[in-house]
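For clarity, chains are labelled A, B, C and D in written order, and residue numbers in each chain start from 1.
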Amino acid sequence: MEKVKKLLKARELTSLVFLIALFVIVGAMNPMFLDPSNVSACFNSSVVYTLVAVGMAFVLFIGEIDVSVGANLGLTAAVVGTMLRDGQSLVLAIIVAIVIGIVIGLINGWGVCVMGAPSLIFTLGVNGILRGLIYLYTNGAWVENLPKSFKDFASVNLIGSVSVYYCCIIALVIVIHLVLTRTRQGRYFVAVGDNAQGATLVGLPTFKTKMLAYVICAVMASIGGVIFCSRIGFVTPMSGNGYEMKAIAACVLGGISLAGGVGSVIGSAIGAVIMSSISYLLVFMGFSSNYDNAITGIILLVIVVIDAVIQHRSLVKNKHDRLLARVSQDAPAPSVQAEKGGEA
Amino acid sequence: MDKVKKLLSRGQASWNLILIALLVLEFVIFGAANPKFLRPQLLFTAVNDNLAVFMLALFVTLVMCTGGIDIQVASLVGLTSIIIGVAWQDFGFSIWGACALATVVVCLCGALSGFFIAYCRVQAMVITLGGSFLYSGLALLVSTLSSTASYESISGFPDDFKFIANYQVGGVIPFQILIYAAMLVVAFILLHKTKYGRKIILTGVNQSAAEYSGIHTRRVIMSTYVLSALAAAIAGIVLTAYLGTAKSDLGGDLTMDIITAVVLGGTLSTGGKGSVIGTALASLAIALLRFGLPLCFKIGTQYLDIPVGILLVAVIVGRSAATNTGIVPWLRSLFARKGSSKASAQ
Amino acid sequence: GLGLVGCGGGSGSAATTAAASGEAAGGDVAGKTVAFIPKITGNAFFESANDGAQKYAKDWGFTVDYLGSSSASASDQVGIINQAVANGVDALCISTVDAAGVSDALKKATDAGIVVTTWDSDAQPEDRTLMVSQGTPEILGQMLVDMSVDGLKQRGKDPSADKITYAWHYSQATVTDQNSWQVAAEAIIKKDYPNWENVHPDNYYSNQDAEQAKTVGAAVLSAFPDIDLIICNDSTALPGQLAAAEDAGYDAQKITITGFASPQSIKSYCENGTIYNWGLWDCAVQGAMGCYVAAYLAAGNTVKVGDTISIPSIGDVKVEANDSISEGATTGDENNGVVLLPERLVFTKDNMNDYNF
Amino acid sequence: MTNETQSSPAAGSADALREVVEDIKGRSKLLSVHDIYKSFGTNAVLKGISLEVDHGEVLALIGGNGAGKSTLMKIIMGIYSADSGDVVIDGDKVDISNPKAALAHSIYMVPQEPMLFPNMTVRENITIGFEEKANVLNERLEKVMGQTGWHMDLERKAMTLSIAEQGMVEILRGLMRNPEVLILDEPTSALTFDEVQSLFNCVRELQKQNIGIIYITHRLAEVFELATSVAILRDGIVAMQGNIKDFTREDLVRGLLPPDASNIRSDTAAAARAIDYDADPVLELQGFSGYGFKDVNLKVYPGEIVGMAGVVGAGRTEMATTIFGMEKPLGGKVLLDGKDITGKSTADVINAGINYVPEDRFADALFRIRDVSENTTSSLLCGKRLGNFLLNFKKEEEISQQYVNDFRTKVTGLDQEVGGLSGGNQQKIIIGRIFASEPRLVILDEPTRGIDAAARGDVYAVLNKLRESGVSILLISSDMEEVVELADRAVVMFQGRINSEFQKADISQDNLMSAAFGVTSDKGAVSA
């Protein structure tokens, strides 16, 4: 019973409930949607978003932000795309992608952690530079005709109609979640975001943790770029445009606070599925496409508002319950009770 | 060097000086490279073309001072524009009536988002992201009410409407720049000279403490979103007049430019500090950079993101390196210590 | 009267026919500067057009400045036009985002003595001199319908008798040209193929976002598994839709997907048998022609409706009246009119390798 | 015999200085610092500090607000870097460049302001950063909690803790660390009597285990109760230092004061004035209930100081914040001058004439990145005194300057950011803010927490002046001494209810203490 209660309290669960509710509502509007292949398609199509959102989660944990992930993804996709198109090996391409991610992560980390620049501005600047570099690198042209085998890999299914990529992502998210919650170092991310000064004071490697968060975020986006190439098969210079905002929204949908210190990667992964499946769901809802943006906005607003109200209510209620319990005569002892001293 | 450091750490006034220095530098370099740059006519053109960003950034500054962010204003510009067009063309409103209607609707939109942020305590970035979808979607829906297809723009506005954007006072100064100047003054007085502005700032520093000081912080927060929506309405009207067409996606891509101008102007993205003058100077500096680089150095317009990004990064890093207050520099001092303790050991 | 078929290849003989053979003997295009303004940068279509313009212009001896913004907005374009005017270019060649929106800016440019021409997407006819057009919405709408019919036919369907279900998938409801083609094509379908049924008359949009194009594409396929035809008149939507179809196991025998995109971007899907045909026009030649006529007029030449301009290494093109592309449009006495582009192209397995854009 | 160490380089010759340093080094104490200099910008805070602490020693470090005690400790802990000077442990010079290095040398500091992770549980807060396995840690935590006798709900989120509870978590953290040197920076400022006693027991226990302890406090009584040696910081130097046995209370007071200062506390012992209990009360609570308190009946008369005592969690803060419009009341009435103000908004309550000093300075009172005058006048914004719409900057400056002068707040100017001020000076500015709103009644929640003796005297003097001008004060304080000294009448809250009331003559620490634990009662309302 206790366990169930605790599980119900888990923040990710509300996001999952929202996701399921969304599926059920769409299913009610159009029963065709309830086919498992559709549901798994929603998950499959969220792979890139999930990667970016999970990476973003790290940066949000530490209480910072990274709005350069979109351009990072685009740049990596362009570089990897050209390499593969020109017949380089996949392994080399992936290594290059990771290197790009690490470099960008280190630059962001340097600006924010070493130089102390506000993260929003700094990464905004980096975003502009990277976006410009994409044009410079590709001359504005598209990268097309990626090798078929590489593209085909995206449509290989592993379990039922769930793609290999998504299975890998699930595994990755679970591993990251376990590392974050079960290991000492894993907790450092949220701790640093919760109270950086306090973290330093108890000897946590604040600087390293922050740098690491930025590097992880950037590398995830870069890997997202590789998978983008594989899934989509062509790279436009606009690839990844606006992903940063969607990733942030996904994280918030999943219960991560922009103030830092709160949330889990599972939440952000679920949020990413919500964000990316909206355009899939809209097709099944059957509304005129003129409503697309309005409905997307409404879904987003409704979820975050309801969620925030619920969270706030429960916080207030907890506090009130505790306070009322103190006053009532035969209530259990207050949580802090000084043992009676001899003097009394 | 030490003097520069001290100056930099002296807060907003000195920051404004830096921005002015940046502007002067731009004038000198661009002017030297291509004297055409210094023609007032051209400079006004550069400003005119960015005026929507200028106007919006002013009031987004207020929002960011409360610790929020507003990424929906850009979509409200489009909503304003299309409401004006549809109301005027299809519903028989007078052009000014249509403007009034658009202003009211857009302010309500701002109020709605502000309400969610202030009273439901949802993070501003997400609410306004949702808002930007919702309001651009609304704009599209409004456009379907018109006999003109959504993909075509509504044009043919009366001359006295286009006047607000195209009339040139004394034959040189575009009237819309005067509108901007008026907004600048209003925003400046609001933020820096009134009790309301003080409330905005204090709310941004510490909302709880502001509550204990008797400030209705939620009202204050919500009102800033209404104000920025109002600015979006004005910008939408001016832009519609300037382009002579109403379309639902007008101005939809200004968000990043606005945020860039505000933060470069010295407003803390965490709230509690900000400057309208700084925002104005920063937006001008960026506009001139974007105008001057292609003009004087033949840099392709599609690559302009790079120099603007570099400017942003360089300026911000320079500033952070020079000031030493706050948590982050404190953290930084931890890592810079190695050197200093070595020095002291000698 | 169409000009030549663009061959996308290089232009070997550059200055051989350099002297324009127009009636009015004007100046030489050499040394002029033309601002070439796309709707948006980073789009394959406009980038190929730029490539073409740059390549030909080098041979012709004038400069093409490619000035674009990464977002398709009228206000950005106004800024870019003003920028170009400030730069003191000799001529502008623009694909407008919003004809009315850039109207004032183009007028000012003309007042400043700059020749304004348009290509791809027209300005208001009185705001420019010549337009290098790929065709009217009706022509392009007809082309989309024809390609669809061909695709259906090769699957053994009878387009005029069988019940054909179809849908549109392109970028946005607010984009001018794609919507105008769609509207024109719908009218043709209503008239010629009343047996076709549009399963979603409000169209599907994917905002020129490659991932969204694939996601929407996949959703359409599973929401309407038996759909016969998807028309993607957007260069991002078409490959996205094809990728989704490939993933879902569709091929050109099960579904007809067609639309506008460059041959290179679709080639691999065609090789896989997912698509039968798709179309475009030689945007490289179109861009080059736009720049040439701009420079030509800027050099002091004048043309009237009915005149021909001979473009070195492309061929002779005829100036037609404005009402040939938009009904009821009037044409100015001099230096106003439309040049219709080299033929529109339909690509299939057989010819797609002939084009390198 | 007091050995005054004049280690100011300006005063002593370099040779003499070196001798002292060599001497200290020679003895190889557990921890010593030599000749530490530190300035923030132009503000020279530490001007050559040398101190030492040995195994089994409790060094009491005292000094006025802003003397630099916390700064010195932060240097030892590696949070700040000294401009010059050495830290020596067991005779070896060490380079402590960050807290991690300090921890590696078994130094731990319980900071003055709690620095918990608000979104983590109490358990995580205490155990984070340790290398040991979770179950080992939990066992140890149980043991430590047993020692102190503090039983906390370990699964509660830290953000729901009151400031006192946060302090306790910080102390538990420190005790868990098993350090060789434990620094306690004003650990008792937030605690009530009983927790203080258990803390003392723990400190004595640690002392027996040969641990060196640096104990910072403003309460001189604690110095004599706990310390083995004492050091006084003043004006950036160690003004006095030596074995506690060599000092009397008067010595310490003299050491704390600038050499030329007169006795600052002279006016605080002003004779109790007769309060007119027949007048209409300024504030009247009738059966007032809310979250955390119930059926409170209380009258506060003009010019009266009513003390309100109680243990942590008694519900005093809740009652105050509910009166102040921050929480919804559940029943009863609040009358101010006979006018019902129950459930009004904070702004209305302030305008009606009540103002409140919150107990959690950082969370609820300070605007850290804004300047002194903005902090002083913040609660005038909801009224008309600073103008109707435009801000009256002149008036603002006048008011701010007045309270800086009145309280002798140590600031470089009205445009100084308050985040850089010492805790005591911050508190003075907040009290100034409250008085600036010219209230009829002031509720002070732990007003002198973290304030040094001199500032405390200033605050008391202001309170007395205020009361003379007819302002009433409701003084919520866990410092019984303070209640005894100031209050004209005292009430005690126990488990959300007022269980006893004492007239001036009856107020004594014993009485208050017993009532606070619900042991005895004058009114028989105690629920035992």
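Simple rule for what comes next: a residue touches a chain if its C-beta (ideal position, glycine included) is under 8 Å from a C-beta of that chain, and two chains touch if they have at least 3 such contacts.
The structure presented is a predicted model; accordingly, all values stated were derived computationally and were not measured.
Chains that count as touching both chain B and chain D, per the definition above, are A.
The distance from the centre of chain A to the centre of chain D, with each centre set as the mean of the Cα atoms, comes to 42 Å.
Between the CA-based centres of chain C and chain D the separation comes to 74 Å, rounded to the whole angstrom. Centre-to-centre separation between chain B and chain C, using Cα means, comes to 35 Å.
With centres set at the average Cα position, the gap from chain A to chain B is 28 Å.
With touch defined as above, residues shared between interfaces to two or more other chains in chain C number as follows: 41-42, 70, 173.
Within chain D, residues 79, 98 each touch two or more of the remaining chains.
Shown for chain B are the residues that touch two or more other chains, namely 140, 150, 268, 302, 305, 326, 330, 334-335.
Pairwise, the chains that make contact are A-B, A-C, A-D, B-C, B-D.
Those residues of chain D that touch chain B in the shared complex are 78-85, 95, 97-98, 324, 326, 345-347, 349-351, 356, 358, 363-370, 374, 378-379, 381-382, 386-387, 389-391, 417, 419-420, 433.
The part of chain A that touches chain C in the complex is made up of residues 30, 32-33, 35, 37-38, 41, 45, 48, 131, 134-135, 139-142, 144-145, 148, 151, 154-155, 228, 231-239, 241-242, 276-277, 279-284, 286, 288-290, 292. On the chain D side of its complex with chain A, the touching residues are 77, 79, 98-100, 102-104, 109, 111, 115-120, 124, 128-131, 149-153, 156, 160, 164-165, 168, 173, 192-195, 197-198, 291-294, 311-313, 315, 318, 495-497, 513-514, 517, 519, 527.
Across the complex, chain B meets chain D through its residues 189, 193-199, 201-202, 205-206, 208-216, 268, 272-273, 325-326, 330, 333-335, 337-338, 340-341, 344. The residues of chain A lying in touch with chain B in their complex are 111-122, 124-133, 135-136, 140, 196-197, 200, 206-207, 245, 248-249, 252-253, 257-258, 290-298, 300-301, 304-305, 308-309, 312.
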